[in-house]
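Shared between the two complexes below is subunit A, which pairs with subunit B and subunit C, respectively.
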Partner chain A sequence: MRISGRQLFWLVFSIEIVLTMLYSVPAAVKEASQDAWISMIVAGIIGLGFVLLAVKLSMRYPQQTFVQYSQTILGKWAGRIIIVPYFIMWMYLNSMALRNSADFVYLTLFTKTPLYVIMITLMILVVYVVFTGGLVGIARCGELMGPIILVVIIGTCLLSLNHLDWHRLTPVFADSGWTGIMRGTIPALAFYGDIIIFTMIYAFMSKPKQALSRTMWGMTLSAVFVFIATLMVIMTFGPILPGRMWAPFFGMTRFISVLGFIQNVDILVVVIWLFSAFIKLSLFLFVTVYGTAQWLNIKNWRRLIWVLVPLILVLALLPQNATAPVKEYVEQFWIPYVIPINVIGIPLLLMLISIIRSKIMPAKRS
Partner chain B sequence: MKRLWLILILLLFLTTGCWDRRELNDQALIFAWGMDLNEDGSYHATAQFANPHSLGSSEESTGKASFSVSGDGNSVYEAAKDLQAKVSRAWFAGHRRVILIGEKLAKDGLANILDEYSRNPIVRLRTDILIVKGSSVEDILEVSYPLEQLPANAFFRIHEAADMNPDLTLLHFIMANASDENCPILPVVTVHANPDVGLQLWGTAIFNKDTKLVDYLPLKKGNLAQWIKGQLGSTIGTVKIPSEEGDIVVEINHLSANIQTLIVEKNIQVHVTLGGKGILRESNTHLDLSHSRNVVMVQEYLNEQTATEVKRVVKEIQKLGTDILGVGQSIHRQHPYQWKGLKEEWSQHFQQAKIEIEVKIDLEETGMTGPSLIQKKSEVNS
Partner chain C sequence: MTTRFKRLLKKAGHTKDEIFLQDEGLPDQKLNTSLQQNVSLLKGVFQNCSDVIFRSLPVDGEIKLMIIYVNGLIDANGLEEMLLKPLIMAGYNAQVDKSSYFKEIISKQAIAIRDTKLVDHTSRVVEGILHGQIALLAEGESEALLGNMCQFEKRPIGEPGTESVVRGPREGFTESITTNIALIRRRMRSPKLKFEPTTIGKMSQTQLSVAYIEGIVKPEILEEVRKRLKSINTDAILDSGYIEEFIEDSPHSPFPSIQNTERPDVVLSSLLEGRIAIMVDGTPFVLIVPMTLWSAIHAAEDYYEHFIYTSAIRLLRFLLLSVSFLLPSIYVATTTFHPQLIPESLLLTIAAARENVPFPTVVETLLMEVIFEALREAGIRLPKPVGSAVSMVGGLVLGESAVRAGVVSAPTVIVVAFTGIASFSLPRYNLGLAFRLLRFPLLLLAGSLGIYGVGFGVIALLIHLVNLRSFGIPFLAPVAPNLSGTMKDIFIRMPRWKMNERPAFLVSENQTRTPKGQEPYKSQGADNEDVR
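The block that comes next holds the complex of A and B.
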């Protein structure tokens, strides 16, 4: 299993862009009102920091996945224990991404279809691509769907241009101040933190040297579009309403009306949303299954699908409503625990130990 | 294994996709929706449905293109459910572009009924909301309008023909109401005395911060207020020339508005500049308009007289204490730090603000003739 630099770029882009654009904007606007776009710039820069950390760490061991090199760095037992929080994160990401995707379809299209039916339908597709295609299959899907996602986003942005009022961005800075703006970065950062999952992917790069630049570009493109989306949402709905809407970017596409006959293009956003959700879900599932197999020393990683997928489905049905996975869980679990521990803390610790070890015992590094 | 997969996936196509099946034939499309208040405080909802049998066919239609049904309930959706009992197909509100609100309900406050119009995923935010003055909502939905197949479209298009953007009415209302600064407005329609004409755009309704109807502005005054808000496309101005007997009427396009604010020791000074491009449409005077000094004179009088008129309307609005003009918004944008001290009692501050009006219309065209063709040679003043 090998993936190219271009495939990596589209994977990063399609995973980061859509969810962040839809769900982080309302939370950011609630904190920073019309200055949320400044928050998005800051969040993008910090997101690039996450990328740098994840790639630099992985590139010290370009042939190994995160599960493998944590054992190389810390030794067999400590290296395994440190995977526990990641296993929890993988399972959580999988089930919540599934829940989000199903909720979106449920709310926008099929309000009478039972939620679990939507989930199982999605999951069958995801299992199919992971089982038969593995990472290569996912990467090819990303290469195909990523450009479509980009085109649709650019298209909806262009069609929304006619009802923008830049006055709605004023006054700049005075209402929220630095505290508000910094608090507004957190929701976007929560989504950008997903990038840590790629520490499991870099080992499959055909040219590991491309990892840094391609991930950086994917992240930058996502951050730029999230920034543009935030600007446009505020210029359409003002500084107050986006904070109260469920997905204001989607609301904005529903609001499109050009020359009275280009209307109802929101269905295109549902389509790219499903593309993004599909790639996200399958990549997460692959990482979870493959990582768990390496972690537990199981030879045939594909067999684990049948154990983990039912578990993911059950976990996805636990949240009581659609807002819990995107709001309360993010606030109470993802931001206080996962971001500082899994995304920043442990990788930094591993990096530090790895550097120290290579300085003390340069001969041992292979 | 692969074959098993294929069978599983094929099976899937057979088992799903029917929960949300909705055939067009099973739906009744709502085009206009009316809400009013009953004596006992419950809501009275009226929906105007399209009659599918008489729509779209070129032949002589057998009946009216639309019909209206009413229902009662304590909320929008409850009333809609009550209404459903009288309709043979499930109602569908995805095409609803017009919402009519009765005067009584408007005075009681709209806060409780507006939520449904943005929460339901089928409904679109691009909706026109109008206040019905002088008659019940049920009656106005019964009025048939000669030019439109569906009377519901008449409301929307009359509003559109007045050079406002009816699509954005609901959004502007919600945005103004959610903000600290603005008070919302809505257009007003009435039933015209002549049954052949049917409907008439009457003016503008002013709401306070509790979404309660406070007062009305008749069409002309309402238009001036909308001009200051920057939501009007064009209007007309009548100029009286002191030395002449008749009037000159100017059509004003490309309307613009700019509000500059100044805070001097808690005194708020507001300078409103209204701009536009004028086209002279009618002259009943003896002026020879092929001379540019006459045109300049007309322009000066036009600006002066429009400013006085606008000032009168602004005074009227200030007396109500409802900032529908966007003055507070301009202060917020131009003096964000001082605004924090003003916003609590903005209504009072707005009443005391000194608002100056300056009108800068460029009279660019005088039409195809210089002096009026009707007059004798001796009557024309050059």
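The block that comes next holds the complex of A and C.
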């Protein structure tokens, strides 16, 4: 299994963009009102910091996945224990991404179809690609779907241009101030934190040197579009309404009307969203299954699919309503625990120990 | 379990071998000096084969020379003029010592045939005769002379039926492999173009030829082709389709992993891109490996017409490819589940047309699709004189009357008709078949889950396509995996002077095809002024 730099770029892009664009905007607008776009710029820059940390750490051991090099750095037992929070994170990410995607499809397209039907059909696709294609299959799907996602996002942005009102952005900085703006970055950062799962992917790069630039470009492109989406949402709905909406960017596409003929393109957005959700879910499932197999020393990683997928399905059915996975869970679990521990804390710790060890070792040898 | 299965397979293969050997039952022994013994042996082999002719030349009442051939497989005129006449004349010449003369003819190969050889085994003689050679056996000679006078009735070279062009060469392959090889060789006068012969089919002994260009083809792909061909073990090969089924990569996929063509120019342009052609005697369809999905939107004419026009047509074909697969299901999904997606005025028209139709849209569309497929199938199978009746019944009765009677709605008929036309516009018939087949399950998905079902089907199809390979080359290459620098001839076609390199994923070395800097205007160095 080897993936190219271009495939990595499209994977990063399709995973980071759609969910962030849809769900981080309302929370950001609530905190920073019309200055939410500044929050998004800051969040993008911090997101690039996450990328730098994840890539720099992985590139110290370009042939190893996160599970492997954490054992190289900390030794066999400590290295294994440190994977526990990551395993929890993977399972959480998998089930919540599944729930998010299914909820979105359910709320936009269905009324009577039970939610679990959508979840199971989605999972069938995901298992199909992970089982038959592995990472290569996912990467090639990403390569095909990524450009389509990009084109549709650009298209919906262009078609919405006529609703925009620049005056809704004013006054800049006066209403929220730095604290509001900084608080507005958190929801987007929660989504950008997903980048940490790529520490499991870099080991499969055919040219590891491309890892940093391609991930950076993928992240930058996502951040730019999230920024544009935030701007457009504020210019369409003003500073107050988006904070109360469930997915304002999606709501915005409902206003599109060209020549009275191209209308209600929101369903196309749902299909594109399906593409993105599919890539995201399959990459998460692959990382979870492969990482768990390496963690528990299981040779045939594909077998774990049949154990973990039912678990993920059950976990995904737990939240009571559609807002919980994007709001309460993020606020109570993801932001206070996962971001500081899994995304920043442990990687920094590993980096530090690794640097110290590499400095001490040659000294000992001489 | 798998090991047990393998063992069973092995066993089955073993017994198969034995059956074949018994079936052949050819006496394989050396010829002896007695003509009579040899002839009776051969007559035993060819018992009840009325097409095998034994022509004897008696001298003084005793048979001294025997000519054996298959009637209809050899050049009868040539036989009479070049062989029988001189031999009989010599027979009446008193100065010739007949018995030694006939022996000499054979041992010195002194007959006026261009391609001769001496053999000393009966099995070789039998094989030679069945391949359209003339066998000469003489009294007192333990070797037989085989002369190649193979000639049989064949179709003249005509325009290929499946891939016609407006502009471009009109020659198509015929059923004779010799003619086909000559058609290719005539366009490519380089010793680098190789034709490797093999024979497959225990009974049919069908001749195959693996064509490739040395130095361009990737050795590992060529080796894979040889290996797969060698492993075929069957009684007869009647068409290249037999070979295709034995050597394709994913036999359970509806998608073909081997391209076929009737056009020599298509074969050559594929060879020049590093592909390999497998030619089979007895069929005009030549196999080309490896194949990619994108050949579905590439026609031979693309390279003969202007590149801007070609690029536009390719985009149209890509659209038609999607239409042939997606249109009925999108129609069903939107009209049944998401009518808000359709612009109001159009929606009103559709709703008005569907008012009296008793079926749900999905059933109605399925019904019409099945009727369309039936018409298509009948159109191919029916005897020609009945053809007009079918088009009358199909077009008028089924289309017009069904709509007027209110059994089906006009929009459905339009959708189904357009889908059908779109599926026939693809240059590769076998790929069109796959998409045509897959639109039925997609239709059911659309009928049950709406546009989400369509998305489900499309993603599942993409996963399947992404996993497919053809002789080690990904089926969607060079798009996924994206191989930069090879996109000049996929969705659009760049002009010849821009396509400087062969597709890197197919070619071993010798990548440059057209040296750079041949853009007409630039290379002529003209300045931008009219001639005065």
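In the analysis below, the second predicted complex is superposed on the first by the 362 of 366 C-alpha atoms of A that agree within 3 Å, B and C clash if a C-alpha of one lies under 4 Å from a C-alpha of the other, contacts with A are read in each partner's own complex, and residues count from 1 in each chain.
Here is the rule we go by: a contact is a pair of C-beta atoms (placed from the backbone, for glycine too) under 8 Å apart; a residue touches a chain by one contact, two chains touch by 3 or more.
Quick caveat, the model's predicted, so the values are computed rather than measured.
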> A:Val338 contacts which: subunit B (first), subunit C (second), both, neither?
Replying inline: neither
>> According to the stated criteria, A:Ala229 is in contact with first (subunit B), second (subunit C), both, or neither; which is it?
In response: neither
> Touching A:Asp175 in the superposition: subunit B (first), subunit C (second), both, neither?
Replying inline: first
>> In the overlaid three-chain picture, which partner chain does A:Val105 touch, first (subunit B) or second (subunit C), both, or neither?
In response: second
>> With both complexes overlaid on chain A, does A:Thr113 touch subunit B (first), subunit C (second), both or neither?
In response: both
>> Contacts for A:Ile267 in the overlay, against subunit B (first) and subunit C (second): which applies, first, second, both or neither?
In response: second
> Of the partners subunit B and subunit C, which touch A:Leu144 in the superposed model: first, second, both, neither?
Replying inline: second
>> By the touch definition at the top of the document, which applies to A:Tyr128: first (subunit B), second (subunit C), both, or neither?
In response: both
> When the two structures are overlaid on chain A, which partner does A:Ala190 contact: first (subunit B), second (subunit C), both, or neither?
Replying inline: neither
> For subunit A, what residues appear in both contact lists, the one with subunit B and the one with subunit C?
Replying inline: 109-110, 113, 121, 128, 132
> Where on subunit A does subunit C make contact in their complex?
Replying inline: 4, 6-7, 105, 109-110, 113, 118, 121, 125, 128-129, 132-133, 137, 139-141, 143-145, 260-264, 267, 270-271, 274-275, 278
> In the complex of these two chains, what residues of subunit C are touching subunit A?
Replying inline: 337-338, 340-341, 343, 449-452, 454-456, 459-460, 462-463, 466-467, 474, 476, 479-482, 484
> Which subunit B residues qualify as touching subunit A in the complex?
Replying inline: 2, 5, 8-9, 12, 16, 19-20, 121, 124-126, 167-168, 171, 174-175, 178-179, 332-334, 336-337
>> Taking the touch rule as given, give the residues of subunit A at its contact with subunit B in the complex, in rising order.
In response: 107-114, 117, 121, 124, 128, 132, 163, 167, 170-171, 174-175, 237-238, 240-241, 244, 251, 254-255, 257
